[in-house]
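Naming follows writing order (A, B and C), and every chain is counted from residue 1.
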Amino acid sequence: MCKIFAFVLISFMMFATVQAAETTRDSKIKVVVQVSDEDPRKWNQALGNIKNIQRDLDASHVEIELVAFGPGVAMLKADASTAARVSEAKADGVILNACQNTMAAMKLTPDDMNPVVTYVPSGAGEIVKKQHAGYTYLRP
Amino acid sequence: MCKIFAFVLISFMMFATVQAAETTRDSKIKVVVQVSDEDPRKWNQALGNIKNIQRDLDASHVEIELVAFGPGVAMLKADASTAARVSEAKADGVILNACQNTMAAMKLTPDDMNPVVTYVPSGAGEIVKKQHAGYTYLRP
Amino acid sequence: MCKIFAFVLISFMMFATVQAAETTRDSKIKVVVQVSDEDPRKWNQALGNIKNIQRDLDASHVEIELVAFGPGVAMLKADASTAARVSEAKADGVILNACQNTMAAMKLTPDDMNPVVTYVPSGAGEIVKKQHAGYTYLRP
(Lines give C-alpha, C1' and ligand atoms only; values in the text may rest on other atoms or scores of the structure.)
Protein backbone atom coordinates (compact mmCIF):
# COMPACT_ATOMS: atom_id res chain seq x y z
CA MET A 1 0.00 0.00 0.00
CA CYS A 2 2.83 2.35 0.86
CA LYS A 3 4.07 2.34 -2.76
CA ILE A 4 0.69 3.35 -4.16
CA PHE A 5 0.51 5.96 -1.48
CA ALA A 6 3.90 7.37 -2.42
CA PHE A 7 2.98 7.39 -6.10
CA VAL A 8 -0.25 9.30 -5.47
CA LEU A 9 1.53 11.75 -3.22
CA ILE A 10 4.33 12.44 -5.68
CA SER A 11 1.88 12.84 -8.58
CA PHE A 12 -0.08 15.35 -6.60
CA MET A 13 3.01 17.30 -5.58
CA MET A 14 4.15 17.48 -9.20
CA PHE A 15 0.72 18.68 -10.28
CA ALA A 16 0.61 21.38 -7.61
CA THR A 17 4.13 22.55 -8.42
CA VAL A 18 3.34 22.83 -12.12
CA GLN A 19 0.23 24.85 -11.28
CA ALA A 20 2.25 27.25 -9.13
CA ALA A 21 4.86 27.57 -11.88
CA GLU A 22 2.16 28.38 -14.47
CA THR A 23 1.11 31.36 -12.42
CA THR A 24 4.57 32.89 -12.17
CA ARG A 25 6.09 31.56 -15.39
CA ASP A 26 6.29 34.83 -17.27
CA SER A 27 7.96 37.46 -15.15
CA LYS A 28 7.47 40.27 -17.68
CA ILE A 29 4.95 42.94 -16.77
CA LYS A 30 2.48 43.34 -19.62
CA VAL A 31 0.54 46.52 -20.22
CA VAL A 32 -2.32 47.31 -22.59
CA VAL A 33 -2.69 51.04 -23.28
CA GLN A 34 -6.03 52.28 -24.62
CA VAL A 35 -6.45 55.26 -26.94
CA SER A 36 -10.13 55.96 -27.63
CA ASP A 37 -10.20 59.77 -27.47
CA GLU A 38 -10.37 62.23 -30.33
CA ASP A 39 -7.94 64.65 -28.70
CA PRO A 40 -4.36 64.53 -30.11
CA ARG A 41 -3.08 65.63 -26.69
CA LYS A 42 -4.27 62.24 -25.37
CA TRP A 43 -2.40 60.50 -28.21
CA ASN A 44 0.82 62.24 -27.24
CA GLN A 45 0.12 61.55 -23.58
CA ALA A 46 -0.24 57.83 -24.36
CA LEU A 47 3.10 57.80 -26.21
CA GLY A 48 4.78 59.76 -23.40
CA ASN A 49 3.34 57.39 -20.77
CA ILE A 50 4.69 54.40 -22.69
CA LYS A 51 8.18 55.91 -22.78
CA ASN A 52 8.01 56.60 -19.05
CA ILE A 53 6.83 53.07 -18.26
CA GLN A 54 9.70 51.64 -20.33
CA ARG A 55 12.18 53.84 -18.47
CA ASP A 56 10.65 53.33 -15.00
CA LEU A 57 10.16 49.56 -15.19
CA ASP A 58 13.10 48.82 -17.54
CA ALA A 59 12.05 48.22 -21.15
CA SER A 60 13.40 44.64 -21.08
CA HIS A 61 10.98 43.69 -18.28
CA VAL A 62 7.86 45.16 -19.78
CA GLU A 63 5.76 44.35 -22.83
CA ILE A 64 3.45 47.10 -24.08
CA GLU A 65 0.56 46.97 -26.52
CA LEU A 66 -1.33 50.09 -27.55
CA VAL A 67 -4.89 49.57 -28.77
CA ALA A 68 -6.61 52.41 -30.64
CA PHE A 69 -10.34 52.35 -31.28
CA GLY A 70 -13.18 54.78 -31.90
CA PRO A 71 -11.90 58.30 -32.58
CA GLY A 72 -8.50 57.15 -31.23
CA VAL A 73 -7.82 55.16 -34.43
CA ALA A 74 -6.92 58.45 -36.17
CA MET A 75 -3.72 58.44 -34.05
CA LEU A 76 -2.42 55.51 -36.11
CA LYS A 77 -3.08 56.98 -39.56
CA ALA A 78 -0.13 57.55 -41.89
CA ASP A 79 -0.78 61.30 -41.91
CA ALA A 80 -1.42 61.70 -38.14
CA SER A 81 0.44 64.43 -36.26
CA THR A 82 1.79 61.58 -34.12
CA ALA A 83 3.10 59.48 -37.08
CA ALA A 84 6.82 59.92 -36.30
CA ARG A 85 6.36 59.14 -32.59
CA VAL A 86 4.22 56.09 -33.45
CA SER A 87 6.99 54.70 -35.68
CA GLU A 88 9.50 55.39 -32.90
CA ALA A 89 7.34 53.48 -30.41
CA LYS A 90 7.33 50.49 -32.80
CA ALA A 91 11.15 50.68 -32.96
CA ASP A 92 11.11 50.62 -29.13
CA GLY A 93 9.22 47.32 -29.15
CA VAL A 94 5.65 48.55 -28.67
CA ILE A 95 2.83 46.73 -30.51
CA LEU A 96 0.40 49.21 -32.06
CA ASN A 97 -3.03 47.76 -32.86
CA ALA A 98 -5.87 49.48 -34.69
CA CYS A 99 -9.51 48.33 -34.36
CA GLN A 100 -10.90 46.91 -37.61
CA ASN A 101 -14.50 47.61 -36.50
CA THR A 102 -13.68 51.30 -36.28
CA MET A 103 -11.75 51.26 -39.55
CA ALA A 104 -14.73 49.78 -41.39
CA ALA A 105 -17.05 52.41 -39.86
CA MET A 106 -14.63 55.20 -40.83
CA LYS A 107 -13.97 53.67 -44.27
CA LEU A 108 -10.25 53.39 -43.55
CA THR A 109 -8.05 50.74 -45.18
CA PRO A 110 -4.50 49.64 -44.25
CA ASP A 111 -3.33 52.00 -47.02
CA ASP A 112 -4.45 54.92 -44.85
CA MET A 113 -2.55 53.68 -41.84
CA ASN A 114 1.01 53.97 -40.52
CA PRO A 115 2.85 50.91 -41.94
CA VAL A 116 4.02 49.87 -38.45
CA VAL A 117 0.41 49.28 -37.38
CA THR A 118 -1.12 45.83 -36.84
CA TYR A 119 -4.82 45.02 -36.57
CA VAL A 120 -7.37 43.50 -34.18
CA PRO A 121 -11.02 42.71 -35.02
CA SER A 122 -12.36 44.72 -32.06
CA GLY A 123 -10.37 47.24 -30.01
CA ALA A 124 -12.68 46.96 -26.98
CA GLY A 125 -12.62 43.17 -27.28
CA GLU A 126 -8.80 43.24 -27.38
CA ILE A 127 -8.67 45.34 -24.17
CA VAL A 128 -10.88 42.75 -22.42
CA LYS A 129 -8.91 39.76 -23.74
CA LYS A 130 -5.55 41.22 -22.74
CA GLN A 131 -6.68 42.15 -19.22
CA HIS A 132 -8.18 38.67 -18.88
CA ALA A 133 -4.74 37.31 -19.85
CA GLY A 134 -3.08 39.26 -17.04
CA TYR A 135 -2.18 42.57 -18.69
CA THR A 136 -2.47 45.71 -16.59
CA TYR A 137 -4.67 48.41 -18.14
CA LEU A 138 -3.76 52.04 -18.71
CA ARG A 139 -6.02 54.64 -20.27
CA PRO A 140 -4.05 57.92 -20.38
CA MET B 1 0.22 5.92 12.42
CA CYS B 2 -0.06 5.26 8.70
CA LYS B 3 -3.86 5.60 8.76
CA ILE B 4 -3.78 9.01 10.41
CA PHE B 5 -1.11 9.97 7.93
CA ALA B 6 -3.27 8.89 4.97
CA PHE B 7 -6.26 10.72 6.36
CA VAL B 8 -4.31 13.99 6.76
CA LEU B 9 -2.87 13.64 3.28
CA ILE B 10 -6.20 12.98 1.60
CA SER B 11 -7.88 15.84 3.47
CA PHE B 12 -5.15 18.19 2.35
CA MET B 13 -5.35 17.07 -1.27
CA MET B 14 -9.12 17.59 -1.30
CA PHE B 15 -8.70 21.06 0.17
CA ALA B 16 -6.05 22.04 -2.37
CA THR B 17 -8.10 20.71 -5.27
CA VAL B 18 -11.19 22.62 -4.15
CA GLN B 19 -9.08 25.79 -3.90
CA ALA B 20 -7.75 25.33 -7.43
CA ALA B 21 -11.26 24.69 -8.72
CA GLU B 22 -12.56 27.88 -7.07
CA THR B 23 -10.12 29.92 -9.10
CA THR B 24 -11.15 28.53 -12.47
CA ARG B 25 -14.77 27.65 -11.71
CA ASP B 26 -16.45 30.30 -13.84
CA SER B 27 -15.11 30.35 -17.35
CA LYS B 28 -17.17 33.37 -18.45
CA ILE B 29 -15.25 36.57 -19.04
CA LYS B 30 -16.81 39.35 -16.99
CA VAL B 31 -16.52 43.00 -17.88
CA VAL B 32 -17.48 46.14 -15.99
CA VAL B 33 -17.89 49.17 -18.26
CA GLN B 34 -17.71 52.63 -16.65
CA VAL B 35 -19.58 55.68 -17.89
CA SER B 36 -18.68 58.78 -15.87
CA ASP B 37 -18.43 61.41 -18.62
CA GLU B 38 -20.93 64.11 -19.50
CA ASP B 39 -20.40 63.71 -23.25
CA PRO B 40 -23.18 61.73 -25.04
CA ARG B 41 -20.58 60.60 -27.60
CA LYS B 42 -18.94 58.62 -24.76
CA TRP B 43 -22.32 57.06 -23.89
CA ASN B 44 -22.76 55.87 -27.47
CA GLN B 45 -19.13 54.73 -27.55
CA ALA B 46 -19.76 52.62 -24.42
CA LEU B 47 -22.82 50.99 -26.00
CA GLY B 48 -20.94 50.39 -29.26
CA ASN B 49 -17.98 48.88 -27.37
CA ILE B 50 -20.34 46.52 -25.53
CA LYS B 51 -21.86 45.32 -28.82
CA ASN B 52 -18.37 44.75 -30.24
CA ILE B 53 -17.23 42.83 -27.16
CA GLN B 54 -20.32 40.61 -27.36
CA ARG B 55 -19.62 39.94 -31.04
CA ASP B 56 -15.83 39.51 -30.67
CA LEU B 57 -15.87 37.28 -27.59
CA ASP B 58 -19.24 35.57 -28.27
CA ALA B 59 -22.11 36.97 -26.17
CA SER B 60 -22.67 33.60 -24.44
CA HIS B 61 -19.12 33.63 -23.00
CA VAL B 62 -19.16 37.16 -21.66
CA GLU B 63 -21.08 38.91 -18.89
CA ILE B 64 -21.21 42.69 -19.08
CA GLU B 65 -22.25 45.26 -16.48
CA LEU B 66 -22.35 48.96 -17.25
CA VAL B 67 -22.00 51.30 -14.27
CA ALA B 68 -22.94 54.97 -14.71
CA PHE B 69 -21.97 57.56 -12.13
CA GLY B 70 -21.30 61.28 -11.90
CA PRO B 71 -22.40 63.08 -15.07
CA GLY B 72 -22.59 59.67 -16.75
CA VAL B 73 -25.83 58.83 -14.89
CA ALA B 74 -27.72 61.06 -17.35
CA MET B 75 -27.13 58.33 -19.94
CA LEU B 76 -29.58 56.07 -18.10
CA LYS B 77 -32.42 58.60 -17.78
CA ALA B 78 -35.77 57.78 -19.42
CA ASP B 79 -35.46 60.80 -21.70
CA ALA B 80 -31.77 60.33 -22.62
CA SER B 81 -30.77 60.43 -26.29
CA THR B 82 -29.44 56.91 -25.70
CA ALA B 83 -32.70 55.52 -24.21
CA ALA B 84 -33.52 53.16 -27.10
CA ARG B 85 -29.98 51.78 -27.27
CA VAL B 86 -29.92 51.31 -23.47
CA SER B 87 -33.13 49.25 -23.61
CA GLU B 88 -31.63 47.23 -26.47
CA ALA B 89 -28.49 46.53 -24.41
CA LYS B 90 -30.70 45.20 -21.59
CA ALA B 91 -32.44 42.91 -24.10
CA ASP B 92 -28.94 41.70 -25.11
CA GLY B 93 -28.23 40.66 -21.50
CA VAL B 94 -26.29 43.69 -20.25
CA ILE B 95 -26.82 44.84 -16.65
CA LEU B 96 -27.19 48.63 -16.46
CA ASN B 97 -26.51 50.10 -13.02
CA ALA B 98 -26.97 53.71 -11.94
CA CYS B 99 -25.18 55.18 -8.90
CA GLN B 100 -27.57 56.12 -6.08
CA ASN B 101 -25.06 58.62 -4.61
CA THR B 102 -25.13 60.56 -7.87
CA MET B 103 -28.92 60.29 -8.15
CA ALA B 104 -29.37 61.78 -4.67
CA ALA B 105 -26.98 64.63 -5.53
CA MET B 106 -28.82 65.28 -8.82
CA LYS B 107 -32.27 64.87 -7.17
CA LEU B 108 -33.15 62.03 -9.53
CA THR B 109 -35.57 59.25 -8.56
CA PRO B 110 -36.22 55.90 -10.28
CA ASP B 111 -39.20 57.63 -11.97
CA ASP B 112 -36.71 59.70 -13.95
CA MET B 113 -34.79 56.66 -15.11
CA ASN B 114 -35.06 54.14 -17.93
CA PRO B 115 -37.16 51.26 -16.50
CA VAL B 116 -34.49 48.70 -17.46
CA VAL B 117 -32.03 50.31 -15.04
CA THR B 118 -30.96 48.75 -11.73
CA TYR B 119 -29.18 50.51 -8.87
CA VAL B 120 -25.97 50.38 -6.81
CA PRO B 121 -25.24 52.49 -3.70
CA SER B 122 -21.96 53.84 -5.12
CA GLY B 123 -20.87 53.64 -8.76
CA ALA B 124 -17.17 54.02 -7.94
CA GLY B 125 -17.53 51.44 -5.16
CA GLU B 126 -19.21 49.04 -7.61
CA ILE B 127 -16.30 49.41 -10.08
CA VAL B 128 -13.85 48.52 -7.31
CA LYS B 129 -15.91 45.57 -6.02
CA LYS B 130 -16.37 44.09 -9.49
CA GLN B 131 -12.68 44.37 -10.42
CA HIS B 132 -11.81 42.82 -7.06
CA ALA B 133 -14.16 39.94 -7.98
CA GLY B 134 -12.24 39.36 -11.24
CA TYR B 135 -14.06 41.57 -13.74
CA THR B 136 -11.98 43.28 -16.40
CA TYR B 137 -12.43 47.05 -16.52
CA LEU B 138 -13.27 49.15 -19.56
CA ARG B 139 -13.70 52.89 -19.59
CA PRO B 140 -14.56 53.94 -23.17
CA MET C 1 11.58 5.29 4.72
CA CYS C 2 8.30 6.31 6.28
CA LYS C 3 10.00 9.06 8.30
CA ILE C 4 11.59 10.64 5.26
CA PHE C 5 8.28 10.33 3.52
CA ALA C 6 6.46 12.07 6.37
CA PHE C 7 9.06 14.80 6.47
CA VAL C 8 8.75 15.50 2.72
CA LEU C 9 4.97 15.51 2.94
CA ILE C 10 4.81 17.87 5.89
CA SER C 11 7.35 20.23 4.29
CA PHE C 12 5.29 20.35 1.13
CA MET C 13 2.05 20.97 3.01
CA MET C 14 3.65 23.82 4.93
CA PHE C 15 4.96 25.32 1.70
CA ALA C 16 1.58 25.06 -0.03
CA THR C 17 -0.22 26.55 2.96
CA VAL C 18 2.18 29.49 3.12
CA GLN C 19 1.64 30.08 -0.62
CA ALA C 20 -2.13 30.07 -0.20
CA ALA C 21 -1.81 32.44 2.77
CA GLU C 22 0.38 34.82 0.72
CA THR C 23 -2.42 35.19 -1.80
CA THR C 24 -5.09 36.06 0.71
CA ARG C 25 -2.87 37.53 3.44
CA ASP C 26 -4.02 41.10 3.07
CA SER C 27 -7.79 41.23 3.06
CA LYS C 28 -7.84 44.98 2.42
CA ILE C 29 -9.08 46.08 -0.98
CA LYS C 30 -6.50 48.35 -2.57
CA VAL C 31 -7.38 50.95 -5.15
CA VAL C 32 -5.20 53.16 -7.34
CA VAL C 33 -7.03 56.22 -8.65
CA GLN C 34 -5.58 57.99 -11.71
CA VAL C 35 -5.87 61.71 -12.38
CA SER C 36 -4.37 62.62 -15.75
CA ASP C 37 -6.92 65.15 -17.05
CA GLU C 38 -6.63 68.91 -17.16
CA ASP C 39 -10.27 69.47 -16.18
CA PRO C 40 -10.77 70.46 -12.48
CA ARG C 41 -14.19 68.79 -12.61
CA LYS C 42 -12.33 65.47 -13.00
CA TRP C 43 -10.16 66.33 -9.98
CA ASN C 44 -13.26 66.90 -7.85
CA GLN C 45 -14.85 63.78 -9.29
CA ALA C 46 -11.78 61.76 -8.24
CA LEU C 47 -11.98 63.12 -4.68
CA GLY C 48 -15.74 62.48 -4.55
CA ASN C 49 -15.26 58.92 -5.86
CA ILE C 50 -12.66 58.25 -3.17
CA LYS C 51 -15.04 59.43 -0.42
CA ASN C 52 -17.80 57.22 -1.83
CA ILE C 53 -15.50 54.19 -2.03
CA GLN C 54 -14.45 54.73 1.60
CA ARG C 55 -18.11 54.96 2.65
CA ASP C 56 -19.34 52.08 0.46
CA LEU C 57 -16.56 49.60 1.24
CA ASP C 58 -15.81 50.83 4.79
CA ALA C 59 -12.69 53.02 5.04
CA SER C 60 -10.96 50.51 7.35
CA HIS C 61 -11.11 47.79 4.69
CA VAL C 62 -9.82 49.84 1.80
CA GLU C 63 -6.46 51.42 0.99
CA ILE C 64 -6.51 54.17 -1.62
CA GLU C 65 -3.66 55.80 -3.54
CA LEU C 66 -4.27 58.67 -5.94
CA VAL C 67 -1.66 59.13 -8.68
CA ALA C 68 -1.60 62.41 -10.60
CA PHE C 69 0.39 62.77 -13.82
CA GLY C 70 0.38 64.83 -16.98
CA PRO C 71 -2.00 67.79 -16.72
CA GLY C 72 -3.51 66.08 -13.64
CA VAL C 73 -0.49 67.02 -11.52
CA ALA C 74 -1.89 70.57 -11.24
CA MET C 75 -4.55 69.10 -8.92
CA LEU C 76 -1.89 68.57 -6.24
CA LYS C 77 -0.37 72.06 -6.37
CA ALA C 78 -0.47 74.17 -3.20
CA ASP C 79 -2.62 76.78 -4.95
CA ALA C 80 -5.01 74.34 -6.70
CA SER C 81 -8.76 74.91 -6.39
CA THR C 82 -8.84 71.42 -4.86
CA ALA C 83 -6.15 72.12 -2.20
CA ALA C 84 -8.47 71.93 0.83
CA ARG C 85 -10.14 68.71 -0.38
CA VAL C 86 -6.71 67.17 -1.14
CA SER C 87 -5.54 67.86 2.44
CA GLU C 88 -8.80 66.39 3.73
CA ALA C 89 -8.25 63.22 1.66
CA LYS C 90 -4.79 62.87 3.25
CA ALA C 91 -6.40 63.18 6.71
CA ASP C 92 -8.79 60.39 5.65
CA GLY C 93 -5.81 58.09 4.96
CA VAL C 94 -5.45 58.53 1.20
CA ILE C 95 -1.93 58.54 -0.29
CA LEU C 96 -1.53 61.35 -2.85
CA ASN C 97 1.33 60.85 -5.30
CA ALA C 98 2.58 63.31 -7.90
CA CYS C 99 4.62 62.21 -10.95
CA GLN C 100 8.20 63.53 -10.89
CA ASN C 101 8.54 63.17 -14.69
CA THR C 102 5.64 65.58 -15.14
CA MET C 103 6.95 67.94 -12.47
CA ALA C 104 10.32 68.18 -14.21
CA ALA C 105 8.62 68.87 -17.55
CA MET C 106 6.40 71.54 -15.94
CA LYS C 107 9.32 72.98 -13.91
CA LEU C 108 7.49 72.32 -10.65
CA THR C 109 9.33 71.68 -7.38
CA PRO C 110 7.99 70.32 -4.07
CA ASP C 111 7.72 73.99 -2.95
CA ASP C 112 4.92 74.42 -5.49
CA MET C 113 3.01 71.42 -4.20
CA ASN C 114 0.51 70.74 -1.43
CA PRO C 115 2.64 69.66 1.59
CA VAL C 116 0.60 66.45 2.01
CA VAL C 117 1.81 65.20 -1.39
CA THR C 118 4.35 62.40 -1.84
CA TYR C 119 6.24 61.57 -5.04
CA VAL C 120 6.76 58.76 -7.55
CA PRO C 121 9.33 58.75 -10.40
CA SER C 122 6.69 57.99 -13.06
CA GLY C 123 2.93 58.29 -12.61
CA ALA C 124 2.14 55.89 -15.46
CA GLY C 125 4.77 53.47 -14.13
CA GLU C 126 3.19 53.65 -10.66
CA ILE C 127 -0.25 52.80 -12.08
CA VAL C 128 1.23 49.72 -13.76
CA LYS C 129 3.20 48.62 -10.67
CA LYS C 130 0.21 48.97 -8.35
CA GLN C 131 -2.16 47.06 -10.65
CA HIS C 132 0.51 44.37 -11.02
CA ALA C 133 0.58 44.20 -7.19
CA GLY C 134 -3.18 43.56 -7.08
CA TYR C 135 -4.65 47.06 -6.83
CA THR C 136 -7.91 47.72 -8.64
CA TYR C 137 -7.78 50.66 -11.05
CA LEU C 138 -10.14 53.61 -11.21
CA ARG C 139 -9.93 56.49 -13.64
CA PRO C 140 -12.80 58.87 -12.84
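Here is the rule we go by: a contact is a pair of C-beta atoms (placed from the backbone, for glycine too) under 8 Å apart; a residue touches a chain by one contact, two chains touch by 3 or more.
Computed from a predicted structure; not experimentally measured.
K.L.:
Angle of the rotation mapping chain B onto its copy chain C, from a C-alpha fit, rounded to a multiple of 5 degrees, please.
P.N.:
120
K.L.:
So chain A and chain C: same face meeting same face, with over half the numbers shared, or different?
P.N.:
Since fewer than half of the residue numbers are used by both chains, the interface counts as different.
K.L.:
When the centre of a chain is set as the mean of its C-alpha atoms, what distance in Å lies between chain A and chain C?
P.N.:
Each chain's C-alpha centroid was found; their separation is 22 Å.
K.L.:
Enumerate the residues of chain A that touch no fewer than two other chains.
P.N.:
2, 9, 16, 137, 139 - these are the residues of chain A that touch more than one other chain.
K.L.:
Which stretch or stretches of chain B touch chain A in the complex?
P.N.:
2, 6, 9, 13, 16, 20, 29, 31, 45, 48-50, 52-53, 55-57, 62, 136-140
K.L.:
Would you pull the chain B residues touching chain C in the complex into a rising list?
P.N.:
1-2, 5, 9, 12, 16, 19, 34, 36, 69-70, 101, 121-129, 131-132, 137, 139
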